[in-house]
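The same chain A turns up in both complexes below, where it pairs with chain B and then with chain C.
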Partner chain A sequence: MDTVASTTKMNRDEIFDLMKQFITEVIGEEFVEEMDITPESSFTKDLEMDSIEIVSFSEKIKAHFGDQIDFTGWLSSMDLDQLINLNLGMIINYIYECQ
Partner chain B sequence: MAKFVFIVPPLTGHINPTLSMGAVLLERGHRVGWITLDESLAAKLPAGGELLHISYDENDQQKRESEQYLDIITKKIVYGIDSLKFLYEEVLIPLNRHSYDGIAYLLDQFEPDLVITDHQMFAGAIAATNKKLPYATSVTAPAAIKVMEELPKIHEWEMNQVIGLQREFGVEANTPIVCSELLTMVLTSQEFFGDMELTPNFRFTGPVINRPATKITFDWDKLQQSSKPKILVSIGTTFDHEHKKNFFTKVVEAFGDDELTVVVVSDPALFEQWPENFIVQRQVPQLDLLPHLDAVVCHGGHNTVCETLSNGLPLVVIPIAYDQSHVAGRVVRTGAGERLNFNRFKAHHLKEAVHQILNNPDYKTAAETIKRSFIEAGGTETAADMLEQVATKQSLEVLKN
Partner chain C sequence: MPVIKVNNRDVHIQELNKGAAETVLLVHGMFSNLSVYYFNIAPILAEHFHVVMYDLKSHGMSERTLHGYDLNSMTDDLNALMEALQLNVVHLAGYSFGGLIALKMALRFPDKVKKLVVIEAPDPKDEKARGIIDDYSREFLEHYVENFTDTTKVKMGKRQMERNHRMYEYLFYQTSIKSDMIAEKDFLDEPQISLLNKDTLLLYGSDSNCLETGKELNGKIKTSELTAVPGDHNIPIQEPVLIANMINTFFMN
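Moving on, here comes the complex of A and B:
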């Protein structure tokens, strides 16, 4: 069983690519092409996502990982400043640690 | 006869519904006052309405301070979640702190039977509580009471700002008192508001739409000569020049020479020239105009969205800040329109979205459904009924004691 678990565990690059795919689905391909999305990209300032877009992004993570990670729980614990400063790297770390 | 007083912030969208409710109460023989920082409101009040202007025995410094709040919200470019911080820390909390003493003084002078405070005039609820006066709350921007399940701390943070202000003025409650236990009127329908459990003091009145007393001239001939679909493009009163210039540049690119007639609310001097198929006016008679239109493009201000849906028209909503993202979300969720991202959208997206809502009848059908829910909720007369009932009940309580 251990082997199965280790093969399904994604590394940080894979998680980054998956997150990029979700962002693309939320904001549209042509915008993503114009942006230089990195782990440092913040949702509010760099990606210019508003609260509704952040929520649809989180729904995609939830749909993908299911019960494996409590992403909604993690996101809902964030206060206003944490949300304003939320960047992609923090999400990658969280998902990585949860696996 | 009862005495009612509305406490309003200097924000058009929050004032307009109180003008309609006040007009009905005046027609029914009551006395109605408006407490405001903005002296120019006098010109907009319905006949018989009394202006109760917040003014201090002021030195120039205080007077300047009062004036700065009148348009403070237009002074900074803000966007998304960040805008909420600006709204509370730099606009609402200082505005309310500054207004408190004036409100408390005017309540003593006017001695209302019922105070109706805007849900963002926290100082109104605080002053009424301290003066032991009954108050109702008018929620003109219903997104403000909605808690996003996934981001509950946004609302919690907002409410902590309010609780902090309450403490400054001696109200020790650990919860916000701004939504009245007696009556909190939510100026939309449950259907458009969406699912959320609310206690029975929250009552949906439907949109309270204001018909301005003054006639606004409009180029009706040009509109009526056109057999093409007609749309209105408006991003409201709250946003500054630079926002508008960027925005309308894209609007011109999207619809110049398109098979549409485009009514634009803007200073015509924004550009030297506008396309032939555009009608550009600084102000339009929006309520008279809407029945002649096929769709609306707007920033998601609650009033414009509700007026549009009340006419069963589909929308493209392009939210900029504050609660507009939420309003846009509701439009999409109910199927009555599409949303675009204000910073990212390009002319061709706007063009595609507008043609989509014009050509696919599902959007219009969904808008008609919301329209019916608004009619069922009641509107201005229903809101006035609720206020009268609370006022009567309160005076009976006073007699009993």
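Moving on, here comes the complex of A and C:
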């Protein structure tokens, strides 16, 4: 399992690459190959992730960043429409700010 | 991803606030998974309770299993899960088919259930619920997903449609879920339900087709209270904060 190896702050590009890695692990490489994942990609519309896949994705963020980031808490503050419109860029920003 | 072995099968669980004195265990419905609680309801309950969610067999990320979808098997699974997690007694809440599992659990293992919340449990006798299974087709799935699925309001894309289609195909045609459900059609007529001596909160949508079942249960269970929440069968998705707060208050008092 990934753990925080150092306290160095990740930049936005590094966070983006890490998120892409997590998404690939959750939905599978064969689907990711057909997608153009960008910070504008929305979780539900573009990446077609369903709620149980977002649970897996959240678990990966928790395992990687530990208590540093309350990702589930952040998601739980959103209503359904906000969750539907959630895109990768918003997550990158959130993680970047939390570090 | 926390997956534990229960009776030699993989069960996906999620836990919040492990240190808390009392545990709330949440059971999801058929064709759904623990995410129905994970994002909104569980975090609110976790302010006071240790919260445990799990995926039923062949659902979410738990292992696929061909047999044992009747309420005895489902409560055997739940009992084994509690043993695996060393939980002696819990507050139990279940939604939809999970509500029937929770009710059955309170009947079979009363010492293990402190208080009970039943959300939108349907009457398994309902022809419509069983008709859904007989009429199953891809067309039906598309219609079902658009109107009735309780995991998300979002319309599905191709990958999700295929994924769900595979799950339905598996559950309907390879497992015993259909015959197991039909065998439970008289469950709500069981006389033990009237003898249930457990504080029970029944939460139903004011516009739900299942509300009559809620009223029926409220008439049978002497220690129950029925609350109608704005919405239909999908109230945990429609009113998650309201539902969570009601469950919280009920379990805390």
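Quick note on the criterion: the second predicted complex is superposed on the first by the 92 of 99 C-alpha atoms of A that agree within 3 Å, B and C clash if a C-alpha of one lies under 4 Å from a C-alpha of the other, contacts with A are read in each partner's own complex, and residues count from 1 in each chain.
We adopt the following convention: a residue touches a chain if its C-beta (ideal position, glycine included) is under 8 Å from a C-beta of that chain, and two chains touch if they have at least 3 such contacts.
Since we're looking at a predicted model, the values are computed, not measured.
Peer 1: Please tell me, clash or fit, for chain B and chain C sharing chain A in the overlay.
Peer 2: Aligned on chain A, chain C clashes with chain B.
Peer 1: So, does A:Ser51 touch the first partner chain B, the second partner chain C, both, or neither?
Peer 2: After superposing on A, A:Ser51 lies in contact with both chain B and chain C.
Peer 1: On the A-aligned overlay, A:Met10 touches which partner chain: chain B = first, chain C = second, or both, or neither?
Peer 2: neither
Peer 1: With the two complexes superposed on chain A, say which partner A:Met90 touches: chain B (first), chain C (second), both, or neither.
Peer 2: A:Met90 contacts neither chain B nor chain C.
Peer 1: Pick out the shared contact residues on chain A: the ones touching chain B in one complex and chain C in the other.
Peer 2: In chain A, positions 27, 31, 44-45, 48, 50-52, 54-55, 72, 75-76, 80, 83-84 sit in both the chain B and chain C interfaces.
Peer 1: Under the definition above, what is the set of chain C residues touching chain A in their complex?
Peer 2: Interface residues on chain C, with respect to chain A: 1-2, 14, 33-36, 38-40, 43-44, 55, 60-61, 151-154, 156-160, 163, 237.
Peer 1: Where on chain B does chain A make contact in their complex?
Peer 2: Answer in residue numbers: 79-82, 84-85, 148-154, 156-157, 319, 325-326, 328-329, 339, 341, 343-344.
Peer 1: Would you mind writing out the residues of chain A in touch with chain C in their complex?
Peer 2: 27, 31, 44-45, 48, 50-52, 54-56, 59, 72-73, 75-76, 80, 83-84
Peer 1: For the complex, which residues does chain A have touching chain B?
Peer 2: So the residues of chain A touching chain B come out as 27-28, 31, 44-45, 48-55, 58, 72, 75-80, 83-84.
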